[in-house]
Each structure stands twice: as C-alpha cells, then as structure tokens.
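I've put the structures underneath this note.
Shared chain: subunit A. Partners: subunit B in the first complex, subunit C in the second.
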Partner chain A sequence: MSLPPATGAVELASFQQHVHQFLVQNKRLDGRPLDALREPHILRDSKGGDGLLASTLYTDNTGMCLNCTVSGVFGPPPSDQPDEGRLTVDVAAPFFQSHSTDQVAAALREVARFVRSTIISCMDLTELNIINGEACWVLQVELVILNADGGLRAAALHAVVAAIHNMLLPRSRLPNGDEVESRRLRFHTIPVAVTIGVYKLGASGVRFLMDTNAAEESVVDGLLTVVLSDENGIITFVQSGSYSISSLLLTGAVNEFALRSAALRAAILKPSVAAAKINGSKNSVTDPHPLKEG
Partner chain B sequence: MQYQRAALVIASPALTQREVEFTKSAWLAGLRPDQRTAQQMREVSVEFPLLSRDVVVVRCGGSVVTAAIATALVEPTPQRPKHGLLHFSVRRLHTERDSPAADGSTQKNLVAFLERLVRTGGVIDTAGLCVLPGQKVWSLTVDVTIMNDEGNCNDAAVWAVIALLMHHRRPELTVRGSSVIVHPPHEREPVPLSVQHTPLPFTFAITMAPTEREKALNHQRALSATGSSSGPQPSSGVGNSIDTASAFAIDGTSPQPLGVVVDPTTAESLAAASSIVVAINAEGQVCTVVKAEGCSIHLKDLNACIEAAGTLAPRVLDLIKVAMEAHDERRKTAMKGQFAWAQKRSGVGKVEQACVKKIKTET
Partner chain C sequence: MATISRRDGRTAREMRGKELRTSDLSQFDGSAWYSQGLTAVTVAINGPTAARQENYRRCTTCIHVNRAARIPQEGGTGRLIMMERRERERCEDGELKQFLTSLVEAIVCLDRFPRCVLEAHVTVLMDDGALFAVASNAIMCALLDAGVPCRSTIAAVSLIMCNPEASGNEGEPEIFLDPTAVEESTDEVRSYASATFVLTNTGGEAVLASRVQARPRSSAYSRPITPKDLSRMFALAAKAAETLFVFFRNCSMALE
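Our next item is the complex of A and B:
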C-alpha cells in the first residue's frame, strides 16, 4: 500500500500519463537514473526529558519528511514471553487529505506492522527486560509523517533505526524503589531497506526503479520492499502487485540493492553535524529544510 | 480419517515446549516429527459440500478451512464509481487451546494478505464487476472460517478463496438503459467471475539461521571425519562432499540438518527461526513473496522456496480443478434426480418450481 501522491491542482490521471511518458524514455521525474537511491539526511536530538529517549528527523532531497520519537516507560512484559521487553510503533499522518482516510489508515497500519516486525528481527528484546515476568522497558516509537514521497516503509524503518541504535536507557527507579542501571541498546545487525518499483514496458520487458517516489508508485505494476542485514541477508521481503515476476528478476533486483546497501547504511548511521546547533536551540528541531553537510 | 476426540486436550506450555524441542532435534537429524520429507505437504483435499457454488472446504492434514461467498448488486463508492467491491472477513472457531487474551492479529494479517493478493494482485479485476457506472456494481463478500488449526491455516484459507472465486457463478444481467434485469438461475445460466490468474501461496519454515546451519554441517563433517579415522579401515576415506548450497538436500549416508520445510505444522511454526510465504501462479511466476519476521536468510534459500513452490502449485491447482469438475458432475446428477419423477408419470400439470435463491428483478 502506498499513500496517494500529492498532485496539487493537476488531475491524477494526467499526472500518471506524464510519469508514463518519462518512464517510457527510461527517465524519471526528478532526473535520477533508474538505479539511484535518494540520500537520506537524519538529524538527531538526544536531550531526553519527560521520558523522551531519542528523536530523529528523516529527510531526503525530494521532500520525504518523517519525525520519529522514542519514549520509554516501565510496564509488565508480555505474558507469552516473560523475559522480553515490549516495543510499540504508532504511525500518524496528520497532513493528508481526508477523502481517502481509510486508504491512508490502512497504509499506516501496514507501515507500523512492517517497522515493528523488522526491528524485532534485528534487536534482541531481552535487553529490555528488567525483572523476569514482572517489569520491563516499553519502548514507544511514534512516527509522524510530515510529507510522504514514496518509499514510506524504507524511510520509516531508517528513521526508527537511527533513533534506536546506540540509544541510552537512562538510570531509573522502579515504582517499588528498585534501581535500574543504565543500558545502551544495540542492534545485532543494522537493517537497510529500499522500495523497488516494477514497471512493465509494453511487451518488450520490465524495468526496475530503485527507491520509487510517490508519483512512480502510482504507476508501477509491482512493488518490492527489501530489507538487508549487514551480511546482505534478507531480513524482510514484501513483494506485491499485479505483475508476476520470475525469480531471476527478483534475484537481480536484490543483488542490485546489495551493492548499494553499505553506502546507505553509512548515511543512516552518520552522526549529524548539526546536532550541536540543535542542542542550542529547540525551535530548529522541526526545521523542514535541514542544513546540508559539506 | 484418524479418530478425533470430541474434546481436545488443553496443550500446556510445557507440552508445547517439549514439542518445540523435539522438532528442533528432529530437524538436526534431517527428519520431521511426522516423518514427512522437506518438500512434502500433508494430504490436501478440496471439496464443495453443498449443491450451490458458494461454499468450499479445504483440508490440509488436520487444518480445516471453510469459505463462503455472496454476491449482491450495490451502489459503488463515490471515489471509485466504476469499480466493484471486495470484502474479506476471517473468523476462527474458538478452541480450548486459545488463550482468552489472544487478539485477532492473525485474522487481521490474513485479511490484509488476502486484500493484497486478490485486489492489488489483480486476481479479480474490480473494474469488471461494474454494471452501471455510479449506480450499480457487484459486491463480493468472502467469509473465511478456520474450523481447526493444526498449522498452515493461512495457505489453506487462500486456497479456499481462490477455489471459490474460480467456481462461483453470479446471476446474468440484462441492462437496458438504466434498468437492470437480474435473471434467476433457471432462466439463464449464471456467469463465472473473471479470474485473471490464480496465485497459490505456500508457507516455508526456515529451521535455523544460515550461520547456525553451517556450524551444524561443520560439526557433522568433523564427526564423520573422526569416525572414519578411528575405523578399522583408515585408508578408505569418506569421499562424500557435502553440498551446502542445497537447502533441501537429504543424503542417505549421513543425515544433514533440514534447512527449509514446506507446510509447517503448529509445532514446526513455533520452532522455526523464520517463515516465508511464496505465492505462485499457474505459469510459475511469483505473485507475492512475504518474509516478515525472524532471522535473516540467504537469497539462495529464497530461490529454493520459489522453486519448491513452483512444483507444488500445479498440484494444488489440479486438486481444485478436479474438485470443481466433480462438483459439476454431482450437480448434474442431482438435477436429473430432481426431475426423475416426471418420467414415470404422464398427464400431470406443470408446476412452477420455486427458485432456491430469492433474486429480485430490479427495474
């Protein structure tokens, strides 16, 4: 599921025809080649206070803007796994038009489920355990989609990974007076995700669009979401759409992304240079135009 | 069919844990707890129990799934006036094994998977369900009930939905201007739905992470090396080279741990490190692949799953088609039996047969 593209005053059908004309000539709206990724820029703020443990702002150069905040509270562990902690993910999109509310809500639920299952696959939840069967950390991840431009699953996952990686659970006190030592969360593997569009080019063949935006997602015939680990193992793989793909094309698409996953992982984990400025002034945390490095 | 007790024993967590441990030990020895091979499915049967074409029962071993479909002429949504409606609902009969705190997350996931496969995947073209744009479209409602869950219920549910969409017939219509005449089945033959392609999903359980599997293989190789060196004939070396690339390899000389198993039972699902769902259509192309939770897998494991599903999909599709033909034969026999009395008597006045389904003529 994808969120509908914001076409402004242009009708959706005309906008799709415009995108079709570009794709037939192997070009894209934003001038990227077919196999190029959009570079993410992630700003971090880890001041804490009021239970807020981490906050990141995810942007890239075509308008995707996501705010991710992680809060930690104490709670009981799940009854079926008493030695694990809990992780909840909520996704909100307050700036979308209301005529497709059910479609937007369904897409947001899918994004939340995707992010939660992928994070659980990459992180050991027993690190959040405090007292076996009685007390654990409950990480509450809240994602606010300020602007969506395709690749929503990948962007949401990157924002959450940047927030949770090396996050410090502070030294705290349980309601019964017990001291809880501080702890630093770690992923045993850092996931990177991409959304690949499958565009059927008449009868001659098929084109793969790496890191689709919203306009391309509304015209492609299939969508892949691939999440790779440090050793390029597949953590999550979701493929859907009306076009049926042979396994050779699937293998080629995954290998093409594996070549670029190291650079993308470095971009996600890069500490932001503007963090010192953000620590000084609180108003610039929600700046939609972040400063570019270099 | 094996004898089933009237009341199932409540499986305690300790028994479940023992089953999980036994399953993992069996996988390390290259076996499965119910003595199936890695690519072997349980006995699958597809049946249309009623004479009408809107109920199907799919059994996969001990898992039983029932699906029913209903069609209705409704007004379309204002946003999409030229598209019909598709609704899926999944229910699960409550058993003593289910905990009271269990939410409906598995049912919601199955409904989302069905929506993604049937609607987004293009099994049913919703534009083909339009009768009058903006006024009347067909609405299909599919109700899936999981009667018994012994693993792999999601696959059986989707097979039931696909079989139902292939076999169901809607009434024929005559459109004159803005008036629609719905013909009952005794006037005109009902019309089948336009099914574009038939994706059939198969669930695979990844027994352990690939790194752990390689450790187990190295351990077994070391054991076989020490065994051969301490044997009475040290000159004859073990010449078997273990092929780690094949996830389904079953060697007779020395058992290797299983990598990927198809059609996991409940215990195997709990013991598995990860699971993959691959939906393959009749042409052997991949319609949907979902690998959500668990450990990371290699790309060759994913390709092995796709190849295995490619060999299993035609068998299940043949089962569905055979069940459809058998049901058509049964319907013909029953229809002939209905009028057998007329051949024995003569001179009886013609009696108007009441239609089983009450379908209104709308003008």
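Our next item is the complex of A and C:
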C-alpha cells in the first residue's frame, strides 16, 4: 500500500533511523502528537465543461496532494445488475519516480480497488440508473497523485467523497432523444478513513500512530486502514504488518478513530472558500451548503 | 426466525472440502496446489536467489498474481463493460498481490538473505469465493515446501456476516465460514460484509492480517458493522484456524 518516501539525497536507511529516534521519544517528524490527524483542505472547481461533473484538489499541511476529476457519460448497465449504474476509478501517479514501477502500479491498482469498493458500499448505484437494462450513467473517477505523503488510501477516498457528494448529474438527452432529468447524488453515509501505524517498542508493547505520513509508514511494523460510516460502523478494515496484533488492540484503534471521525467528516464536507472567491458570489452547484448572496 | 440455509448444504461453521498437493512443479524450488471447494490456487516459489538490487540488508520479495482464465471477449456494446470488468479484475489482482506481499514479508526471515530475491508465482485457477484465504494458505504451504525459513506458520480464514432478519437491524448477525462466490456477492444468504483474517500458530486471537469489506449499498440487507461484530469475527476465525492447522499437520504425515 505504501509508496516509499521521497528522501531526496538522504539514504533511505539513514532517514528511517532518524524517524526511529523520534518515535522512540514519542515524537513525530512534523511535531504532531501520536493521536492527531492531519487536517484535509479540499478545493472544489465547479466550472465544469468538457464533460467534467466535479473536480477537487485534496491537500493537507504536510504535502499530500491529490487531484480528483469525475466525468459522466451514458452507457449500458452491467448485464448482471441491470438496474445499477457504473462507476470506474483510475489512479495515476505520473510524477512518482521509482525503480520498481511494477510495485507502484500494483499499489495504485489496489488504491483504485479500495476506493471503488468503499464508495459503492456507501452510495446506492441504482441512483445512476436511467432506463432499466438499457441506459445508465457511467461515472469515471480519475485520481492523479501529485505528491504522496502517506495515508494514500484515506486521502484518495476523501478526495472522491468530496467530489461525488452532492454532485449534480446534469439535465441531458439520450442518443434516442429521451430527456434525462437532473439529479443530485447522495451518499447514504459519508465514509471517513484513516491510516494507523503500529509501532512495536521492543517487549513493552505497541504504540499506535494516527494518520501516518510516508516517513512513518516506512518504519512502522504494521498498518491499519479503517473506514467508518456516519454511525461509526465499520465499512472497510484492512490490516497488514510484521506482527500479530491482539483483537482487543485492533478494536481499540477503531474506537479511538471513532472519537475523531465527526470532525474529519466535517472537514471533508466543508465548502471551499477559495473556490467561492474564484467564482465570485455565484452559488457553487457542488457545494453542499449554498453560499449566501451579498 | 427463519434459518438461513446454504445452497451446498453446509452449516454455518462448516468449511468446504480442502485439498493440498505439494512439489508438483519440478522446475521450481517449491510449489503448492491448494483448494477449498471450487476455489483453487497454485503457488510456485523460486529462491531466495542472488540478484543485483539496491537493498543490501534483506531479501526482496516479488509476487506475481495471474489468473488461469480471464474474462472472455464480448462484442457489441458489452465490449466496453467487458473491458471495465477486466480492469477491475486487474485491480483485484493488484490487491491480492499487495496482501500476499505483506504476508510473505511478515513470516519469512528475510534478513537472513541479503541481496537476494524471493519470487512467488501465484496462479488463480478458479475463484469461487474466499480467494484471499485460499491464496494465503497456498503460499504458506509453498514456502514450507521450498524450505524457506519462516518465523511461524499461518492459516487464513474467510467469513461473511449475514442479516438474520429479512429487514432491519434487529437480531444478532450470523457468521458463515468459508463463503462461496455466490454467497459473497449476492443476497442469497443475506450477507452484508465479507472478511478474511490471517492468524499464526501461536494461538490466541492475535491477527496477522485482516481485510473486512462491507457489501455494496444496493444490496438489500446492508447494516452497520460494529466493533463488537469485529470481535466476534476474530474469535470465530481463531477457532477455524485451528482446524486448518490440524489439516496442514496431517498432510505431512506419511501414509502407513
């Protein structure tokens, strides 16, 4: 899951040793406490055009940068689910230089699969249906990783959720002349995700790092990715690592994130002030809360 | 309350028939063919062998995931959907590759082989549900067959959570072991989540790897997965892993 950190001219082993020294003292490179989340900032672009339905730029204060665009076209529904629409997710990392391109490609495919399966667990694809068995909306989500700094699954999911939530499917015309009414997409529950690092301190137990960055992900002994719903139910739970972790610790980590999920969900759905300034005083169709005039 | 019945006649806690063959592929250092029911996976291991690479402290792992049968070609408007499903299948292969890579890195003593590469070729012969569990068990048997030193042995268990009532969130959810592909992806047994857990032979409820996913929202029986459900799944997976460890031990006994 993790893309290796960009250490510049510093050798990776020395960089990891440096991070280890911080973690032994209960410190992190960016000065955060162990249980603090990085605050996401999401810019929305509602200009549209060229078939684009939504576009978001996800950043946080330590360098993660993701661009998400959503396009919509008409297409036939899947033959096994004729009453559903279609959703495709593609992830690209064009600026990532690596000697092991195969591992990077597998990690990006895994992120695409994670985002798609989590989105369809929270949004009813039957909302994209137009004519049963004949026509449906095909949403094409394209994620471009401009800078990766850990927590790739969570950042990708948040960017897509911010783009798709309350997105307007415009009033359109099918090729046979039928008119399709506009509608807004709704999530029945808003997912929030976090990546939790498991750091083993010798024989004195484990320590959890909330919302790891790339440097921490290269030194921790295990990684959890937890996705919670509105009522703090688990949507996705992915754990990997070098050691077995007790189930009590795993459920404790889930409950610890549940305490912070409401604030994170509010940050993801917060309307973008910069986009409002760019668009003047016009109401943005992708904003969940319309801006007040005057 | 109506009892949920499984199409193949199994009870909730019953696993499908298991079959294991090792050392069949003679050109590899170790191989295993493992199946649970109709899900069959072949893993072939090469190495650790010396290789030029920049990691000079530990062995590098290289896992390749292939499928024996890809989605067949389709004409007309279905061709776009077929290409979409193929790309989605490639993403699932990427996820399986990441899962198995982190598993192999956890259990193999990689620091004993600096500047070496351990290569595993995983071929999914047939996928009828519980694919992550079957592939994890297969790669464990292949590593043992190749004589690669491992810290411990593992067993992987797949299960699904089912809604006992036809609607609503009342009632204690039922947990089914070793789901088939139909049980995982349709509403036949009213499932709303699928999970795979990997446990070590040290016992207890310590989990080495986990993967829990709620089913799509458009299914009729979705309900939240609570941390209590997660604990129940951990406990059942620990019990089922003991069955698998007994099976693996009995496979290596000589026939007298």
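Note that in this section the second predicted complex is superposed on the first by the 278 of 294 C-alpha atoms of A that agree within 3 Å, B and C clash if a C-alpha of one lies under 4 Å from a C-alpha of the other, contacts with A are read in each partner's own complex, and residues count from 1 in each chain.
The rule is short, and it goes like this: a contact is a pair of C-beta atoms (placed from the backbone, for glycine too) under 8 Å apart; a residue touches a chain by one contact, two chains touch by 3 or more.
Please read these numbers as outputs of a predicted model, since none were measured by experiment.
On subunit A, do subunit B and subunit C fit together or clash when superposed?
Aligned on subunit A, subunit C clashes with subunit B.
More residues of subunit A in touch with subunit C or with subunit B?
Touching more of subunit A: C.
Contact-wise, after the overlay, does A:182 reach subunit B, subunit C, both or neither (first, second, both, neither)?
A:182 contacts neither subunit B nor subunit C.
For A:25, select first, second, both or neither according to whether it touches subunit B, subunit C, the two together, or no partner.
So A:25 meets neither subunit B nor subunit C here.
Using the touch definition from the top, say if A:125 reaches subunit B (first), subunit C (second), both or neither.
second
Look at A:107 in the shared chain and tell me whether it touches subunit B only, subunit C only, both, or neither; answer first, second, both or neither.
second
When you line up both complexes on chain A, which piece of subunit B, out of 5-13, 221-229, 275-283 or 347-355, runs into subunit C?
That would be 275-283, the one stretch with clashes.
Could you pull out which residues of subunit A sit against subunit B in one structure and against subunit C in the other?
1, 79, 99, 106, 110, 113-114, 117, 120-121, 229, 231, 233-242, 244-247, 250-251, 254-255
Can you name the residues of subunit C that touch subunit A in the complex?
54, 57, 77-78, 80-81, 84-85, 87-88, 90-95, 97-99, 102-103, 105-106, 195, 199-200, 202, 204-218, 222-227, 229-231, 234-235
If we count contacts the way the header does, which residues on subunit A are in touch with subunit C in the complex?
So the residues of subunit A touching subunit C come out as 1, 13, 75-76, 78-79, 81, 84, 86, 88, 99, 105-110, 112-114, 116-117, 120-126, 188, 229, 231-248, 250-251, 254-255.
Using the touch definition up top, name the residues of subunit B that touch subunit A in the complex.
Subunit B residues touching subunit A: 79, 99, 101, 109, 112, 116-117, 120-122, 197, 199, 210, 276, 281, 283-299, 302-303, 306-307.
Once bound in the complex, which stretches of subunit A touch subunit B?
Interface residues on the subunit A side: 1, 79-80, 99-100, 106, 110, 113-114, 117-118, 120-121, 189, 228-229, 231, 233-242, 244-247, 250-251, 254-255.
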